[in-house]
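Both complexes shown next keep chain A, but they swap its partner, so chain B is in the first and chain C is in the second.
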Partner chain A sequence: MLEVRGLHAAYGEAEVLRDVSLTVPEGRIVALLGPNGAGKTTLVKAIARLIPITAGQVSVGEVDLQRLPRHRVVEAGVAIVPEGRRLFTQMTVEENLLLGAYSHTARASLKETLALVYARFPRLEERANQRAGTLSGGEQQMLALGRGLMATPRFLLMDEPSLGLSPLLTAQMFALIEGVTELGVGVLLVEQNVARTLEIAGYGYVLEQGRIVQEGDREALLGSERIREAYLAL
Partner chain B sequence: MLILLQTLATGIVLAGLYSLFAIGLSLGWGLLHTINFAHFSFVLLAAYVTYELSTAAGWDPVVTMVVTAPIGALLGLGLQLFVTTFKIDVFGTLIVTFGLFLIFEAAMAMRWTADLLRLPSEINPYFTSAVRIGPIRVSMLLTIATALAVLACVGVWWLLKHTRTGRGIRAFVQEPEMAAAFGVNYPQLSLVIAGIAGATAGLTGTILGMYLSLTPTVVEVWIAVVFAVVLLGGLANPIGVMGAAFVIGMVESFTRQFADPAMARLMALVVLIIVLVFRPEGLFKRLVQEARE
Partner chain C sequence: MTRRQLFPPRVALGFLAVVAVLLTIPTLQQRVGFPLYNLIFLYLVFFWITQATSWNILSGYSGYFSFGQAAFYGGGMYTTAILGGRHGWELLPTLPVAAVVGGTIAALTGLLVFRLRKLSGEIFALFTLAVALGIGALVNNWGVLDGGRGIPMGRLDYPAWLGDTTQMLYYLGLLLALVAVLVAYVIQHSRFGAGLFAIRDDEKVAEALGVPTFRYKMLVFILSGMLAATSGGLHAMQVGFISPDGAFGLRIPVFVILMSVVGGRRHWFGPLLGAVLIHTVTDRMAGAGYAEANQIVLAAVLIAATLFLRQGISGRLVERPVPPTVTFVVAFLLAFTVGGQTAIGSAAVAIGAALVVLFLPDRWLRSWRRGTDGDGPPAGADDAAGPAGDDEEPELDRAQEAGR
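Now for the complex of A and B:
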């Protein structure tokens, strides 16, 4: 279980997250919805310890992530597929994947994980020696997901993985995300594509101006006025 | 024809010396964001250590490398710890290490005075003997320097390209946040690089201790040509460093042979300026480019 409790975060004086609490169970997809600027990316980064938090707690099982040095968060089981992909663009596809398995925990099963990722993304295997920066947008997004999986995470934080993808690729991406849960990985999924997201997510949270304003399972969210009006344009 | 080959050979071993001198500086700048002016002080200190161990303790000067390389590595580590602890930026490191350079210079002047110190030739046969390849002769000492340079540059290249440590460092230079998120412990890896860079300064010092008459300011005339190699070689690109040193070494060797020997060093800088006008990024590309936000 990935648990966030009473989390606050700020950029300088401006408080961006206020008292955010949420839970991601293993093997489930949890959606994080909200308008632009709500603080979704900030929340993802705060969980991965890429930015400091001002109050609150983030834990995986018994492990308090705040107590770990930044580079050990991945060993606790949290990997990230960040907004804008942020690949190591000058390194090859395979080097990016190997870097995904950099941690001590992931390195033990490197060969098997690599085979598994290549089986799921044959495109990446074809282009193993190509520089990541020269991949198409869709391929880059797959690589970002593949890199995240290489860390053998228990929880994957995915920030707008369908951004900029064609409808066909978006459908593929969502199928791949669903596939991730079969590995027992819990996914926190930030998405603009709310309709699609609520097809695969069992539970969701709505973040507005840094606060969780609503949460519930799929049916509750689909039935809610706020969601229908603001996010589904029904 | 013979003279041409001889000039070529001299150029090659000069290039060896220059790349050995420049590789550590290039690594520090390109991977650690440290423009380490004190690299020159580390080199000179190592040269004095070689002098002392060979004259006072009677060591073979080449063997003093087993001492100078670790000393250089420790100095490199110390500086890197300082830079990391106080979070000094690139420009800051230039100022701090320039200060260090002046302090070292003053300290060495106190210890060894401004007199010329030269290893007597009976304990330094490497300086006078030569390696013969057919009719061509090259300095034994510079041949040793070249062998060390090739070892250091190819070794570093292999480390960066083909090891987990090297991948971690390259990833961090490009995307620090993501590298850390996947487990790269940069403070630790940066010490590896700083240690290697420092060790090459130690090796360079031993060579120079055998090559020059030492004074506390003797490295100053090397600053320009070494920076030329660093800039032309593409930062943190070990193969580029060798390539750039080759160009500079050849220019120097040919100028010395066929024009005015006094112009040799100057010509190397003229080449630097001409190249940088047309190719500001140098002759070779940086090994890793930082991501631009």
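Now for the complex of A and C:
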């Protein structure tokens, strides 16, 4: 269980996240929805400790992530697939994947994980020795997801995986994300594509102006006036 | 990160062969009697290889671009000058002290820039420059260290089996260059190196993947400082008279950057190649009385390298190693025997010829480079076509070009 409790974060004086609490169970997809500028990316970064928080707690099981050195967060089981992919574009596909398994815990099972990732994404194996920067957008997103899986995470934070992808590729990507849960990995999926996201996420939170304004399971969210008007344009 | 052997037989043999040949040169020089200048020339090549490589494991590998090489180089040089030149220490014991001084300067600077204030990019570069200039100013104004008079080295004792001063410099210079290159090689092929490369390309992501970024930056900074300072300490013997301007000025940082950028910063071989190339060119131009023109040539080389060679010469050499190497050997032998050039002159000619061969088939290579060197397709550009839309494009282009 990945748990966020009472989290606050600020850029300088400006408070970006206020008292955010959410839970991601293993093997489930939880959606984090909300308009541009609501603080979704900030929340993901705060959970992964890429930015400092001002109050609150983030924990995986018994482990308090805030007490760990930043590079040990991944060993606690939290990996991030950042917004805009942020691949090592000058390195090959395989080098990117190997770096994904950098932590000590992931290294122990490196070969098995690599075989597993290649089995799920044969495209990446075909391009193993090609530079990551030369991949198409869809392949790059696939590689970003593969790199995240290489860390053998229990929880994957995915920030806007559909960014810049065509509708067809977005559908493929979402199918891949759904496949990730078969491995027992819990996914926190940040998306603006609400309709698509609620097809694969069983539960969701709506973040507006740094606060969770609504949460519920798929049916509740799809039935809510706020979601229908603001995000689904129904 | 590697699953291969660290030193494959081919690489190990290569290192051993080069070192074995270089070790025989002083003896050969005495027996055959070729000019002593060759030894001095080679010592300077070793010196630049050490300096450039030490800069590169920090700035090339981790991406933290330093203008502060002189802080380590000068720190080491002054350590040997004060202990040896002023207090009569033997040479060899001063070198480990120089290494400690260099490592300490690096550690203190590192704590300041990596922990207290997280500096990167141009601010990091400026800060390292300020550290070097600051230490230089301190040395220049504080009588305990120097006070602006300079320190004559005099004759420092060292074990007799190292030969005369030139031979001693040669052997120790070779040893330091070998250590520096091996350190760079081992780092590049280790988990540590993979972590540094990740830091260079995206430090935040590297940390999220589990790279202990602070520890790695400190470690490589200290290693770099120790290597550069030891080499600076030894170089005090070559320079003879140590002054703050010479030790902490801009010459060293500018040259190591030039050598590494031209040679290539993502590969252990890059700074080595750049050092050999730049020093040979500089030496021949000065020898021919064109020391000023040399600066223009070097500037042109740097401009060409930054504009057209993002991976440096080593990047291109890795892609096509054979023709330039063969050209180098043939041209060297021709110039030396038929052309009646000196060994260094022949080397300069051979380097020129090899460079021409390296860059000759540009039109043939251009389309391939376009396929692999860019930062990838603009986001979304290829997506409508789907992943299948750009199948094997680079290879296709190359095949078409080759077929013409």
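Simple rule for what comes next: the second predicted complex is superposed on the first by the 234 of 234 C-alpha atoms of A that agree within 3 Å, B and C clash if a C-alpha of one lies under 4 Å from a C-alpha of the other, contacts with A are read in each partner's own complex, and residues count from 1 in each chain.
Note that contacts are C-beta pairs under 8 Å (C-beta built on N, C-alpha and C of every residue); 3 or more make two chains touch, one makes a residue touch a chain.
All values reported here derive from a predicted model rather than from experimental measurement.
K.L.:
Given the alignment on chain A, is it a clash or a fit between chain B and chain C?
P.N.:
Overlaying the two structures gives a clash between chain B and chain C.
K.L.:
Once the structures are superposed on A, label A:Arg131 by its partner contacts, choosing first (chain B), second (chain C), both or neither.
P.N.:
Touch partner of A:Arg131: chain C, not chain B.
K.L.:
Examine A:Leu165 and indicate which partner it touches, taking first as chain B and second as chain C; both and neither are also allowed.
P.N.:
second
K.L.:
Figure out whether A:Gln140 sits in contact with chain B (first) or chain C (second), or with both, or with neither.
P.N.:
Second partner only.
K.L.:
First (chain B), second (chain C), both or neither: which does A:Arg72 touch?
P.N.:
In the superposed model, A:Arg72 contacts both chain B and chain C.
K.L.:
What's your read, chain B or chain C touching more residues of chain A?
P.N.:
More residues of chain A are touched by C.
K.L.:
Check the residue A:Arg226 against both partner chains and state whether it touches chain B (first), chain C (second), both, or neither.
P.N.:
In the superposition, A:Arg226 touches no partner, neither chain B nor chain C.
K.L.:
Among 81-89, 315-323 or 351-359, which stretch of chain C shows C-alpha clashes with chain B in the combined arrangement?
P.N.:
81-89
K.L.:
Common interface residues of chain A with chain B and chain C?
P.N.:
48, 50, 69-75, 79-80, 82, 86, 88-91, 95, 98-100, 102-104, 106, 147, 151
K.L.:
Quick check on the complex: what are the chain C residues that touch chain A?
P.N.:
1, 191, 194-195, 197-198, 201-202, 204-213, 266, 371-372, 374-377, 379-387, 389-390, 394
K.L.:
Touching residues of chain B toward chain A in the complex: what are they?
P.N.:
164, 167-168, 170-171, 174-175, 177-186, 288-289, 291
K.L.:
Hey, which residues of chain A end up touching chain C in the complex?
P.N.:
Those residues of chain A that touch chain C are 48, 50, 69-75, 79-80, 82, 84, 86, 88-91, 95, 98-100, 102-104, 106, 123, 131-140, 142, 147, 151, 163-166, 168-169.
K.L.:
Would you pull the chain A residues touching chain B in the complex into a rising list?
P.N.:
Residues 48, 50, 69-75, 79-80, 82, 86-91, 95, 98-100, 102-104, 106-107, 147, 151.
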